[in-house]
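Two complexes follow with subunit A in common, the first pairing it with subunit B and the second with subunit C.
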Partner chain A sequence: MILDLMQHLLNGLMLGSILALPALGLTLIFSVLGFVNFSIAAQMTAGAYAGWLVNSHFKWPLVPCIMVAFFVAGAIGVAGDRLALKPMRKKVNANTPLMVAIVSIALNLALENGYRFLFGNELNSYDLPLVRDFHFLGLGIGPQQAQNLLIALVMAGVLAAFFSLTRLGKAMRAVADNADLARLKGINPDSLSNIATFIGMGLAGVGGALLAVDTSADPSTGARLLLLIFASSVVGGLSSLSGAIMGALFIGVASEMSMFFISPVYKSAIAFVAIVLVLLVKPTGLFSGLSGAKR
Partner chain B sequence: MTTYLIFILTIAGIYAMLSLGLVTIWGQGGMVNLGLVGFFSLGAYTSALLTAHGVPIVGGWVAGAIFSGLVGAALTYTTRKMRGDYLAIVSLGFAEVIRLIAMNETWLTHGSDGISGIKAPYKLALGNAFDGFYLILVWAVVAITAWMISRLLRAPFGRALRAMRDDEQVAAVAGKPVLQFKLKSFFIGASVTGLAGAMYAHLTSYIAPDSFVPLLTIYIFLAATLGGYTRIKGALVGAVVVVALLELSRYFAAFIPGLNAVQIASVREMSISLTLIIVMQMWPDGLFAPKNEKSECHADNTAGNINETRPAPRTHHI
Partner chain C sequence: MREQRRNFIIYSGLGLGAVALPSLLFAQDSGPIKIGVLIPLTGSTSQFGATMSKAASLAAQEINAAGGVLGRKVEIVIEDDQSNPEAAVRAVRKMIDLDKVVAVCGSYASAVTSAIAPICWESKITLLTASGADSITKLPHQGYIFRTSPTVTLQGTRLGNFAVELNAKKVFFMGPQTPFAKSYIDIITGIVTKAGGTCGGLIYEDKKTTYRTEVDQALKAQPDIIVLGGYVPDTAVVLKDLYRANYSGKRMGLSFGVNQKLIDGVQKEVLEGTYSLVPSAAVSSQAYKNLIAKMHLDGLDTYSCQVYDQINLVALAIAQGKIATGVGVRDNIRSVSQVASPSQQAPIVENFPDGAKLIAAKRVINYDGASGPCEFAENGDVKGVFFRYEQIQAGKLVTIKVA
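Up next is the complex of A and B:
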C-alpha cells in the first residue's frame, strides 16, 4: 500500500515535470504579454513532430532532438503570434485580452489541422532504444521518464538562471510585475514580447517532444495535456514562474493519486476540479506571490 | 436536394440559437464561454435521457435549458473573484469534463455508442412533412428567443449589463449588483445553448460524444463575430453565413484533387479557423457594429491611452 502510494507519487512527479515546461511557457507569455495563449497546445505538437522528424530521419539522439523541438516550436510560436495575435493586441479596449485568447484558440485549431494535413492522424513513435525499468527500493522507474525528469530540471535551472542573472531576464520580470513602471525605466515591453513568446513556446515544444517520447507524436499530442497545463498555471497563480513549476508538480501528483479513487479516464477532469477548488479557496492561485518585486 | 436544404436550414436555426446564447454571455455580458459545446451537449443529453424515461418532449427541452443554465451560473459563481480569463479556462475544462462523462459513463450515456431512437415530436403523425415542421419549429423558437432577449437587453437590465461589460468598477460604484448581473446573463445564455442542444438531439434522434466536436465552439464564435458580437440581428445572420460557409467548403474541398479524407477534413477545419482569425482582425465589429451608447466626452478616450502597445490594463475585481 505504502509502496503503491510511493509509486504513484513518483509517477506524478514525472508527469509534473513534463507539465512544468509548457506551464512555465504559458505563465511567461501571460506575464509579459497579458493574455492567455491557448495555441500553446499546437506548439507542443509542433515540438513533438519536429523532434520526431529529426529522430526518425537522421537518427539523432534525444538531446539534439529536444533542441530542435525548442527552436521549431519557438519559431512557429513567434510567427503565429505576429501574424494572428499581434494585430488583435493593438486594438485596445477592456475586451482585448479575451479577444486575443479567442483568436489564439482559432490559431491552435488552424495549426493542429495543418499538422493533420501534413502528417495524417497516425501515431508516430520516436525511434529510441528500449530500456528496461530499473528498480530502486521496490519502486519501478522508467529510464526514459528519469531522463525526461532530468531534462525538465535542467531546463528549469537554465531558465531560473536566465531570469535572475541576465538583463533580458530581469527586464521580463520587471514587465511581468508592472509594465508601466518597466516602461518608465526604459524597457520596451513590445520588444520583449517576441523573446518571451519564443522562449515560452520553445518550452512548450520541449514539453511536447518529451511527451511524444513517452507516448507518440500525433496531431492531438498537445491538446491532450492542455487542461492539465492550464491547471498547473492557474494553481501556480498564472504569473509566478516558480509557482508554475510547483503547480505542475502538484497537478501531476494529484492526477496520478486520483487513480486511487476514480477511473484513470478522468485524469484531466481532476485538473478541472483542482482549478475550481483552488480558485474557490485562493482566487490568486496557491503559489502566487512567490516571485516578483514583492519578495 | 430539398431534404438536404431543409436539414441545413434547421441546423442554421440551431446555430442561430447558439449564437444568441453567446451574444448574451459574451457580447452583452463581456464573459467568454469557451465551453459552449459542453452546455450544448448537456442540454442534448438531458432532454434525450428524460424523454426516454417518459417525460414529454417539451419537459425535456425545458429541463435541458434550465439544467445547462444552472451549471453555467455555477461556473460563473466559481470564478466570480477572478479576471475574465479564468472563466474561459474553467468553461473550457467544463466542456472537457462533459465529454469525458459522455464517453465513460456508459450506464447513463451508452458511451461512444451514443443514444439512439430519441423521440421526435409528431414524427409518426406528420410523416414526410416532419422535416418542414421541425424547421419551422426551430426557427419559431429562435424568433421567440431573439425577441425575448432583445426585450431584455433594451430594458434597464441590458443597459446595466453593458455598463458592467465596459467597466465593471464603474458599474459597481454606480450601485449595480455586478455578480448578480453576471450570473443572470450567463444563466440565460447557457440555457439558450442547452435548449439548442435539446432541439439538436430531437432533430437527429441520435447523439454520441462524437456529435459534439469542440470545433462547434469556434463555429459559433465565428457566427457571432461575423454578425457583430453584440447584436441579436448579427447572431442570426452570422449563423446562416457560417452554415453556408461550412457547406460550401464541403463542395470546395471535393474539387481539390489528390487529397485523402483526413486532408479534406483538415482543410475544412483549417479554413474555418483561419476565417475566424481574419474576420476578428479585419472586421472586429462584424456586419452590424455595436451601438455606441457612450456620451460625447468618452467617445475618444482611447486616443490618448498610454497603453497603446499593451493589452488593456488588467481589471481589478472588487
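Up next is the complex of A and C:
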C-alpha cells in the first residue's frame, strides 16, 4: 500500500515535470503581457515536430533536438503574437485581455490544423531507443522520464538565474510589476514582450519535445495537455514562476494520486476541481507568495 | 387594428409561400440524388478515413457511369466527423437540412453513430453505419439503421475465444471510455471464466499523455494477456508504457488500435508479437478482388469496403423501389441484398451496374459486396462476417488465419 502510494507519487512527479516547462512559459507570458496565451498548446506541438524532424532526419541526439525545439517554437510563438495578438492588444478597452485570450485560442486551432495539413494525422515517434524501467526499492522509475525531470529542473534553474542576475531579466520583472513605472525608467515594454513571448513559447516547445519523446509527435500533442497546463498556472498563481513549477507538480501528483479513489476515466476532473477550488478559496493561487517575476 | 392583423397574416403567408416556392419548383424528382457520407478524416479514428472517402467516390462514379438511378445522377456529400460526436451532429444536420440527402453512409466511431442516429431516424433518413457498439441497433430506430460492421458482442467473443486459444489464464482488458468498453470486459470475462481463467478490466480516459499509473494497476493482476480496446493514439502510449514497465506477456487488440498506422508511428521493439483481430473484408470474394483492382491497391480495410457496399445498396434500393427518399431506401434495402426465403432464386450481384440491369429486367437480386454478404437481421445488424487474425512480426502485420 505504502509502495503503491510512493509509485503513484513518483508517476505524478514525472507527469508534473512535463507540465512544468509549458506552465512556466504560460506564466511568464501572462506576467509580462497580462493575458493568457492559449496558443501555447500549438507551440508545444511545434517544438515536438521541430525536434522530431531533426532527430529523424539528421539523427541528432536529444539535447540538440531540444534546443531546436526551443528556437522553432519561440520563433513561431513570436510570429503568431505579432501577426494575430499584438494588433488585438492595441485596441485597448475593458475587454482587451479577454479578447486577446480568445484570439489566442483561435490561433491555437489554426496552427494545429496547419500542422495537420503539413504532417498528416500520423503518430511520429522519435528515433531514440525506448528504455525499460529500472527498479529501485520496489519502485519502477523510467530513465526517460527521470531525464525529462532533470532537463525541466535545469531549465527552470537557468531561467531563475536569468531573472535574478541579468539586466534583461530584471527589466522583465520590473515590467511585470508595473509597466508604467518601468517605462519611466526607460524600459520599453514592447520590446520585452517579444523576448518574453520567445522564451515562454520556447519553453513550451521544449516541453512538447520532451512529451513527444515520451509518447509521439502528432497534431494534437500539445492540445492534450492544455487543460492541465492552465490548471498548473492557475494553481501556481498565474504570475509566480516558482509557483508555476509547484503548481505543475501539484497537478501532476494530484491527478495520478486520484486513481486511488476514483476511476481513471475521471482523471481530468481533478484539474477542473483544482481550478475551481483555488479560484474560490485563494484566487491569487496556492503558491503565489513565492518569489517570482511578480511579487 | 383588425386591418393590421389581417394584412400581417396575408403578407406573412405570401412571404412563407415565397420561401417555400423554390423547393416546390425543384421538387424531389429532378437534379442529382444526394447520398451523405459521414467519415472521420481527422482525429483519433481517422486511420481509414482517406480510403473510405476514395471507396465512396468510386461507388458514385460507377453508378453515374451506368446512367445513374431513376435517370438521375448520384452525388455524394462527404463530411468529416472529426472523430467527434458534436462535429458529426452538425455535419449530419447540414447534410439532411441543406443537401437533402436520402441516406447517410459511413459513420465509423460508435460515439459518433450514437449521436447522429436519432437525427437520422427522426428525419426519416436511412443510416448505414460501420460502427460496432451493440447499443446502436438497440435504439428505437424504426428500421432506419443498417449496420455492415460486426457488433461488439461478436468482436468481444472473438477476442475472448482467441485469448483462451492462446492458453491465457489471466486476462486483463485496458481501453478508453467508449460506448463499448464495458461490454468488452463483460463478454471477455464470461468466456475466460467459463474456460477456467480470470479476467480484470480497467477503463481509462482517452487522450492522455501517460498511462503509467493505469499500467501499474493492470500489471498488479499479473496478466498473461492484455487486451487493448483503444484507438491508435492511446494504444501507442499504453503499449510504450507496458514496454517500459517490463511487461513480457502477450498483447492483443482490434484493428482500430493495432494496425499499420501504429506500426509506422511506434518503435518496433514495443510492438513485437502484438496480435490484432480485424473484421475482415470478404478477401476471397470476387467482389473484393474487383474493388481493390479498381482502386489500384493491394489490399483494403473492411470499413472502406463497407462504405462502398453501403452506397451501392442505397442506389440499388432506390432503383428497386423507384423512390428516392429515406423511407424508400429503408423499405427496399433488404429486397436487393438478401433473399426473402431460402427457396427464392436470386442472382448474386456485386456492383451497381449489374444490379441495375437486372432490376430493369424485373429480376430479384441479391447483393453480396466486398465487405461480405450484406444480409441484415431484423434489428439491422449484419449477419455473417469474417475476421482476420494477425500478429506483428519484425515490424510487419502477418496474417495467421482468416475465420
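Here is the rule we go by: the second predicted complex is superposed on the first by the 291 of 295 C-alpha atoms of A that agree within 3 Å, B and C clash if a C-alpha of one lies under 4 Å from a C-alpha of the other, contacts with A are read in each partner's own complex, and residues count from 1 in each chain.
Everything that follows uses one rule, which is that contacts are C-beta pairs under 8 Å (C-beta built on N, C-alpha and C of every residue); 3 or more make two chains touch, one makes a residue touch a chain.
Quick caveat, the model's predicted, so the values are computed rather than measured.
*Asks:* With subunit A superposed, do subunit B and subunit C clash or fit?
*Replies:* clash
*Asks:* Can A:Y266 be said to touch subunit B (first), subunit C (second), both, or neither?
*Replies:* Both subunit B and subunit C are touched by A:Y266.
*Asks:* Looking only at subunit A, is it subunit B or subunit C that touches more of its residues?
*Replies:* Of the two chains, more subunit A residues are contacted by B.
*Asks:* Quick check for you: in the superposed arrangement, does A:R89 touch first (subunit B), second (subunit C), both or neither?
*Replies:* first
*Asks:* Please work out whether A:K170 is in contact with subunit B alone, subunit C alone, both, or neither, and reply first, second, both or neither.
*Replies:* Neither partner.
*Asks:* May I ask you to decide whether A:R132 touches subunit B, subunit C, both, or neither, giving the answer as first, second, both or neither?
*Replies:* second
*Asks:* For A:I105 in the superposed arrangement: first (subunit B), second (subunit C), both or neither?
*Replies:* In the superposed model, A:I105 contacts subunit B only, not subunit C.
*Asks:* Considering only the touch criterion stated at the top, classify A:D190 as touching first (subunit B), second (subunit C), both, or neither.
*Replies:* After superposition on chain A, A:D190 lies in contact with subunit B alone.
*Asks:* Name the contact category of A:N121: first (subunit B only), second (subunit C only), both, or neither.
*Replies:* both
*Asks:* By the touch definition at the top of the document, which applies to A:T215: first (subunit B), second (subunit C), both, or neither?
*Replies:* second
*Asks:* In the combined picture, which part of subunit C sits where subunit B already is, 62-70, 116-124 or 152-160?
*Replies:* Of the stretches 62-70, 116-124 or 152-160 of subunit C, only 116-124 runs into subunit B after superposition.
*Asks:* Which positions of subunit A sit in both the subunit B and the subunit C interface?
*Replies:* Residues common to the subunit A contacts of subunit C and of subunit B are 116, 121, 263, 265-266, 268, listed in rising order.
*Asks:* Hey, which residues of subunit C end up touching subunit A in the complex?
*Replies:* Per the touch definition, subunit C meets subunit A at residues 42-43, 46-47, 177, 202-205, 207-210, 212-214, 216-217, 232-233, 236-237, 240, 243-246, 261-262, 264-267, 269-270.
*Asks:* Within their complex, state which residues of subunit A touch subunit C.
*Replies:* Subunit A residues touching subunit C: 4, 7-8, 11, 14-15, 18, 116, 121-125, 129-133, 140, 142, 144, 211, 214-216, 218, 220-221, 224-225, 256, 259, 263-268.
*Asks:* Once bound in the complex, which stretches of subunit B touch subunit A?
*Replies:* Interface residues on the subunit B side: 30, 32, 34, 78-79, 81-82, 84-86, 88-90, 92-94, 96-97, 100, 103-104, 165-167, 215, 217-218, 221, 260, 262-263, 265-267, 269-270, 272-274, 276-277, 280-281, 284, 302, 305-312, 314-315.
*Asks:* Which stretch or stretches of subunit A touch subunit B in the complex?
*Replies:* Answer in residue numbers: 33-36, 84, 87-103, 105-107, 109-110, 113-114, 116-117, 120-121, 179-180, 189-190, 227, 230-231, 234, 238, 263, 265-266, 268-269, 271-272, 275-276, 279-280, 283.
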